[in-house]
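Each structure below is given as structure tokens.
Below are two complexes that have subunit A in common, paired first with subunit B and then with subunit C.
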Partner chain A sequence: MSEKILEVKNLKTSFYTHLGEVQAVRGISFSLNKGEVMGIVGESGSGKSVTSLSIMKLLQYPGEIKSGDIFFKGEDIVNKKNKEMLNIRGNEIAMIFQDPMTSLNPVYTIGDQIMEVIIRHQGLSKKKAKEKAIDMLRLVGIPSPEERVSNYPYEFSGGMRQRAMAAIALSCEPDLLIADEPTTALDVTIQDQILKLMKDLKEKLDTSIILITHDLGVVADICTKIVVMYGGLVMEEGTSKDIFYNPKHPYTMGLLKSIPRLDLGEKKRLIPITGTPPDLIKPPKGCPFTARCPYAMKICSLHAPKYTKIDENHKAMCWLLHKQSPNMKMDTGVKRGIVNE
Partner chain B sequence: MNKDKDAIIKVRNLKKYFPVKKGFLKRKVQYVKAVDDISFDIKKGETFGLVGESGCGKTTTGRTIIRLYDVTDGDVIFDGTNISNMKEKDLSSFRKRVQMIFQDPFASLNSRMTVGDIVGEPLDIHKLASGKERQERIYYLLKTVGLSKEHASRYPHEFSGGQRQRIGIARALAVDPDFIICDEPISALDVSIQAQVVNMLEDLQKELGLTYLFIAHDLSMVRHISDRIAVMYLGKIVEVAKSEELYKNPTHPYTKALLSAIPIPDPDVTHKRESVTLEGEVPSPINPPKGCTFRTRCKYAFETCKNKEPSMKNLGGDHTVACHLLDNKK
Partner chain C sequence: MGRFLIRRFISMLITIILVITFTFVLMHAIPGGPFTAEKKLPVAVEEALNERYHLNDPYWKQYIDYVLDVARFDLGPSFQYEGQTVNKLIGDGFPTSAKLGILSVLLTLCIGIPFGIISALKQNKWPDYTVMFLATLGVTIPNFVIATTLIYVFAVKLSVFPTFGIKNWQSFILPVLALSGYSLSFISRLTRSSMLEVLGQDYIRTVRAKGIPEYKVIFKHALRNAILPVVTYVGPLIAAILTGSFVVERIFALPGMGRHFVQSITNRDYTTIMGITIFYSAFLIIMILLVDLVYGIVDPRIKLDK
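Here is the complex of A and B:
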């Protein structure tokens, strides 16, 4: 078995607002092996970004980790002090944020921002750090990096800024890269370039990646493992083939049904998931998806279901998978494209 | 031409340039050619999709057609009337028939107005209803978009993104328009909510006989909703075709690249397919490349592309493409 790089156990994160406690993440567990690419899928408010911020320990007041453990390379980082985290963040765990327009500092040059990480973590001299910064820009595919290194962020386009973000994140060769919706703000053509870049970098540097997105198309391409989140909980977890070809949770099925398929040449009416996500100040007692689930039963609103193991890597949280549940005919939403061998 | 008879809107050689001003005297030194000589027809009752990368001029096209921007050159003929040079005070009857749904539901609703007043404002402006009648109309509109009349007295901040977009749609429907410009109406919404809004737009079109101009960068959704699609690049239309035709038989290298960049939610398919990655980014519309504007990123570009701008050629069946490669093939 390969080495576990990250293990999250029963993580709960809440925000204590004046309206009450927002339970953004309500007890999630997953693990990531070295060199693996994991996708976290879910809609806004499902807790996927809060999960990543918890792992980075970048939660800001009023948010805090309520309970649970996060093991990074076997070490529990939940109780690490901020000083210790400074040596891990950017060095061993790095992050690419969603919005390349606001996550770079506008008053420093791109080069300065890459050099900052290198000098802080690798203790190189300024001159050496600059050389490395140029190398990094070249690695992420920025043309004429020698000149570009002294540009300010406003002189870069959206796609180039996201590349610069990747250069910062990868400059210390982290063991784990967390990419929080890295392509959401970008055009499809630039998205394609960034995803290719991430794939290349993974092969070159053997980095483990957590890719957070709401786009199932993006995870299908590069993830080996997918976690589907909803209402602060993991609804289903499995390999990408499990999730796309054998979904077991009605929410996963709903997601698959609500996206149009370009390659299948059919034009059917979309089947949306009705309703809206639950309010996490007062999360529902049972399964959070009950109110929107077409197959909901009485028990669903009363008790939260436990995980049912479908096989080694595949598990889902749904009462329908219980031994005593009625055998329902479900439209899984699976559409398989034709693959020419 | 017989085809023109049922066209609700005809756009001919439309241009929209924005001046770049410099210096103390604010002299106009250059122009951003946001929309540069485009022509198309939209037929009554159809959905016409407009796609392209950001900065290609698709939003400007929408806003110029509805006269939120003044036309630099060219004609926009709506139902037989040329509105491109009409004075603002004469436009009001046109504005009653053409409405717009905006991209960002968080920025396009006035946060100090109740939902009822937001939806009722077009009725006040065009003096269509007042008093009890106005109230009834607002309730009816809210019901049409799947909200209830209790929502009328609430403020926008009490609603989610999907619900806000519904309010925006109700406002657009208030004046009973014929033609609606949807400017990326779903790109700010969650996947599960997108399908709700798209289905609603389709239902409304059937019920009310609406014509849509659907602007988006999400090609899979555009193909789902549109009858015909135009692909824009750097202010120009490079390909127009029926949506099935465009996806089955994309002809312009840019269309091909755009299509292959879309991630497909199917692991086996996406691993097997060959993708054409488009290198680089869109050049500046201030100084667009001479000849074919796409040649700087096109891997098939040859000598002619540098010198001559390609013209639109009809491949039959409403499929038109602007590319020099077509001349080479025999």
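Here is the complex of A and C:
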């Protein structure tokens, strides 16, 4: 077993708004090994982004980590002072954000923005930092980086800006890269390029990656491990194989069923998950998915289920996995799932 | 850049000519003339005066003569002040007004912008509430109330500052405070809202994710984006404040040029009305040009040549 780079234990993050406490993340645990790529999947409001901001300790007022531990390279960073975090952010843990169009400061050149992080963490001279910035741009596949380095963000296309973001994030060779929906705002061809880029970079730099997305299709062939989140909780966790071929949670099945496929014929409709996510100011007592679950039982709304271990790496939080639960015939969505092997 | 400046210069000239034309027409549209007084002058005297100041010429000739004079930077003689030219009236008053004005603008910028930033950083906490309360007062209370209150408290009761005139540096303090009250408050509010908007932007989160210390996040990344609306406001503000305030200069009995704006119209002092208006318009246009140039420096997306 290789070393653990990140371990999140029972993390709870809340936003204290005037309407009440929004419990965005309600006790999640997972761990990530060195060199591993983990996907966090879930729909909007399931707590994916809040989880990543918690790990970066970049939550803005009124958000706060309520309890739990985040071990990064064996050290608990929950109680680290902001000063210590400044040396970790951008250096050991870096982040790529969702919208490349708005994630770069419009009034500084791409080069300045890459150099800033290099100078900050590696203490290189301006000249050396510029050379490194050019190398980084070349690495992420920007053509003629010597000229492009002095361009402003508005002179870059969306895909190029996301590459530039990747250059910023990777320029200090972080141990952990968190990519929060890095392809959501891009069109499909560019999505594919960015995912390929991340895969290449992972192999070149041996960075551990957390890839956050609402699209199972995106994580399919890059992630070794997938965490499915819903209502601020981890619903199911397993290897990509487990999630795509042996899903145990009805929510995971729902996600699989809603992936568009070309090879299923024109007549097949996508099956959406009906309903809306739960209100996290007053989160449901039982399983948060109860209201939308086609297989919900009485107990589901009364008590939250415990995790059932299916095997070493695979676990799910569902009453249907309890040994006393009835044997239901379920449409797991596997047949529709992505077959990429 | 060169082409931009040439184009702007031409459009500035056109603007000035339009201003001259409108003011000229409006001025002659109001009844009465410079030599109409309650006590009627003898007809012969009035005739002689009109003749001497070319007021008997047809309007079109008066207009063309005036434009030609302006082109030579000669704003003509004042009708009200015997033996004074308008150039001299402005030359006498402007330095005082400008001194007060520059101090007020400096105060506005040096206090208004930091207060706005503090307010934005401490949003919905006591520093924010304090600054915004004061700023609301500053915007709503008219400057003559501020001026008289300042005189009452600091000059009459505490006698730390003189009540009127300009004798030493202390004489500047009260007028400058009264003059900058509104703009200072306005700039604070403007900076605050602009700063809040920028601080919520994705690129600020990116900078924070790079591990950049907070002071750099604020001053290097946020402020440069947030300052544009402030620059927009400061240009015209400088023109308005440096040309003097009728009210504040009146209350503190300062020999600035603010009074001419009002008095020349009451006196139908044709040349002074025209001169003051042209001076102010030219000043304003130049300030707006400077604002545009500063835009281009602050925000690279704004290209002046197109």
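Methods note: the second predicted complex is superposed on the first by the 332 of 341 C-alpha atoms of A that agree within 3 Å, B and C clash if a C-alpha of one lies under 4 Å from a C-alpha of the other, contacts with A are read in each partner's own complex, and residues count from 1 in each chain.
Definition applied: a contact is a pair of C-beta atoms (placed from the backbone, for glycine too) under 8 Å apart; a residue touches a chain by one contact, two chains touch by 3 or more.
In this text the structure is predicted, and so the values were computed from the model without any measurement.
Once the complexes are laid over each other on subunit A, subunit B and subunit C both fit without any clash.
In the superposed three-chain arrangement, the CA centre of subunit A forms the vertex of an angle with the CA centres of subunit B and subunit C, and that angle is 70 degrees when rounded to a multiple of 10. Once the two complexes are overlaid on the shared chain, A:F97 sits against subunit C while remaining clear of subunit B.
A simple residue count on subunit A separates subunit B from subunit C, and the partner touching more is B. By the touch criterion stated above, A:Y154 is placed in contact with subunit C alone, subunit B being left untouched.
Applying the stated contact rule after C-alpha superposition, one finds that A:G47 touches neither subunit B nor subunit C.
Of the two partner chains placed by the overlay, only subunit B lies in contact with A:I273; subunit C stays clear of it. Of the two partner chains, subunit C is the only one that A:R89 touches; subunit B does not reach it. In the superposed pair of complexes, A:V188 makes contact with subunit B only, with no contact to subunit C.
The overlay of the two complexes leaves subunit B and subunit C separated by a minimum Cα distance of 5 Å.
Within subunit A, not a single residue is touched by subunit B in the first complex and by subunit C in the second. Against subunit C, the residues of subunit A that register as touching in their complex are 56, 58, 85-91, 94-95, 97, 99, 102-109, 116-117, 120-121, 152, 154, 165, 168. Every residue of subunit C that touches subunit A in the complex is listed here, in rising order: 201-213, 221, 224-225, 298-301.
Listing the residues of subunit A that touch subunit B in their complex gives 43-44, 157-160, 187-193, 195-196, 214-218, 220-221, 240-241, 244-245, 254-263, 265, 267, 269-274, 276, 335-340.
Against subunit A, the residues of subunit B that register as touching in their complex are 53-54, 160-163, 190-196, 198-199, 202, 217-221, 223-224, 244, 247-248, 257-272, 275, 277-279, 281.
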